[in-house]
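Chains here go by letter, A, B and C, matching the order in which they are written, and residues are numbered from 1 within each.
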Amino acid sequence: MGVGIEVRGLNAWYGKNQSLHSIDMTMPANHVTAVIGPSGCGKSTFVRCLNRMHETIPEARAEGSVKVGDMDVYGSGSDPVEVRRRIGMVFQKPNPFPTMSIFDNVAAGLKLNGFRNRKQLQELVERSLRLAALWDEVKDHLHKKSGASLSGGQQQRLCIARALAVEPEVLLMDEPASALDPISTSKIEELIFQLKQHYTVVIVTHNMQQAARVAELTGFFLMGSLIEYDKTEKIFTTPADKRTEDYITGRFG
Amino acid sequence: MRNSSPPVTPKVSLWRRFANHGATAFATLAAVLVLLPLLAIFAYLLMKGAGSINWAFLTQTPKPPGEVGGGMANAIVGTGLILCVASVIGVPLGIGSGIYLAEYGRNRFGDLIRFTADVLNGVPSIVIGIAAYALIVVRQKHFSAFSGGVALGIMMVPTVARTTEEMLLMVPNVIREAAYGLGIPRWRTTLSITLRTASAGVITGCMLAFARVAGETAPLLFTAFGNQFWNLRLNQPTAALSLQVFTYAISPYEDWHKQAWAGALILILLIVGAVAAVRIVTTRGRLKGA
Amino acid sequence: MRSRFQQGLDDLKEKLLRMGGLAEQAIDRATEAYRSRDSKFCQMVLTGESAINEAERDIDELALDLLAMQQPMAVDLRFILAVLKINADLERVGDQAVNIAQRVLDLISEPEIELPVDIPRMADAVSTMVQRALESFLDGKAEVAEAVLQMDGIVDRMKDEAFVVLVQKMTGDCSCTRQALDVLLIARALERIADHATNIAEDVIFWVRGADVRHGGAHYRE
């Protein structure tokens, strides 16, 4: 079951440049929230702050309050590694581990965190691959084919399965379909729609039609600030802020 | 159709074709020229040394000077022993340094290490031998396979370290990020994901270093020193193929000359064999499409 | 800026305004036909019908293309939706003008009767409504559209008064039933045109403000 995410006063910097300005946002459990905005508006930075990936970049830091369920992500004593175990992430370019088999890829998060029980591993791998709508296509090659031998769309679903295998409560997706063809894209979108039954999903996208198709809530970011955040239908038919309207009608960005 | 004239296939100009073929020919010639000395040496070795390789050569220790017969069995084993010590020292240290340089050393200190490694790479092998002599042999008051292994191991480190660093840097950062995103700690990511992804290149680096030190003679002059008899103990002087070849080659005995050729041939075959074996073993473990 | 798209939107606006012009012209001619009892104006209305229908087809097609090809959002999407609805309303206005012309032709063929209904005044009011509605579309001014909504009540009252008077005449002693009926139908057609003008105004408000003000309420998205 997913949990809600509550962000209060989130600021982020790359070195001296402030890239996020006091973001307040609440993402309800088991909903899909889209984050849109022009290039450089901070949407990727925002999402990467949610699971403390932002600070893996040298000289990058973030401050503020992010609560995922009962977990205080930036609280004192919070372990970034533990945070990332409970918040899964799928990246823009599919990045399966190239030297590992399909099975090992999905199991990587579990195995490398000490999970040893073989039978349970197999069950979890199958469950994750089914959730990612990839099981039928790979079930005969689990151990023989490497992760990198799949097509782009399959690789991305593999990455989704891999993220799901560690049973996170939240799934963050940073432009997951931008490198894929239309059919793979629609499969991924369909998948996201199914996933929200079990998880809370936050998806960054520069494709507004995609946000319109998959997300119930949409947040519009501009120059590091959250300009408007509302139901997707409202944002795309009668946005309240002129800047939002200018962006989604293609007048800039 | 814009105009109604029949389609014309554009012809590559004569000059372009000449340039294409010329460049290809030049590249091929360069490759052949590089291979030629290698093949020539190998052929010459085969010619001169193959005749002297027999069962006695491979199983017996040297006979006293002047006597005909005997072999280099102890030297073959001794080389193996010394190289084992060298690898045990050189590979972990080298890979460890490489990991540090790639993952944690993008700073001034790392640059210093890199510089030192490059300098070490250029230090003449005999100087390394003398250093090992001064630091180990003199202290222990005897020659040993161990000191020989240390000298060779030190020589392996820069090559292994730099190659490991390069290979690790070639692993795309998105792979590391994928591992972090799964909640895998950094050290685990480096060892189990990044290093594993770069493993083919790292192994090649180790093999390069191994092949290079396997034939070194000068460092062993003052460390392993050589031995006419069997020795399997690390703290005693030990025979080595390269040393033996050197000793026999500068001797006045005809028989020893022949054995020197044979010894050199065996050394080359061992090195090639070792590299090939590692290649086969690592390739077998690779997956389809990896 | 997506200039092809902007060009398409401008085209759409121009076409719709031109169609509006044709509709206004039809109303004026029908009114003039009534005033002057000259059948040539009736003929003009009848022959002008096909131009209005063709314009409707044209606009629908262009709007459909823009929707499919340009994936418009927010204000652009509301604009195209408004255009589609105004398109339908204007075509109906054309139809009603034809109805009026046909009733006038019938009136002309009968002896002229004095009836206490001021059709020209009603027609003027209706014509003004249509004109203002199209103006509000041209300028994108919701306030002008709101003024049109106010006028609908007036025209409704005029029609109700005419109804009462004409029914009285028909049930009384009068051999003018046929003419009275014609005038009643003309009044009704005018009232329907006023309704269409109101619809156009509501569509403009939807486009400009994103508010659904149909059926008397003001509904903004939550």
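In the analysis below, contacts are C-beta pairs under 8 Å (C-beta built on N, C-alpha and C of every residue); 3 or more make two chains touch, one makes a residue touch a chain.
Computed from a predicted model, the values in this text were never measured in an experiment.
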{"item": "Graph class of chain-chain contacts, one of line, ring, star, complete, other", "value": "line"}
{"item": "Longest centre-to-centre distance from subunit B, chain (CA-based)", "value": "C"}
{"item": "Chain occupying the middle, per Cα centroid", "value": "A"}
{"item": "Maximum inter-chain contact count - chain pair", "value": "A-B"}
{"item": "Distance between chain centroids, defined by C-alpha means - subunit A, subunit C (Å)", "value": "52"}
{"item": "Between subunit A and subunit B, centroid-to-centroid distance (C-alpha), Å", "value": "45"}
{"item": "Between subunit C and subunit B, distance of the C-alpha-averaged centres to the nearest whole Å", "value": "92"}
{"item": "Per-residue overlap in subunit A, given as positions that touch at least 2 other chains", "value": "none"}
{"item": "Subunit B to subunit A touching residues, read off their complex", "value": "106, 172, 174-175, 177-185, 188, 192-193, 196-197, 199, 286-290"}
{"item": "Of all residues in subunit A, those that touch subunit B in their complex", "value": "51, 53, 56, 58, 81-86, 88-89, 91, 93, 95-101, 108-109, 112-113, 144-146, 148-149, 159, 162-163, 166"}
{"item": "Parts of subunit C lying in touch with subunit A, wherever the complex brings them together", "value": "1-2, 5, 71-78, 210, 220-222"}
{"item": "Subunit A residues touching subunit C - in the complex, by the definition given at the top", "value": "208-209, 231, 233-234, 236-239, 244-245, 248-251"}
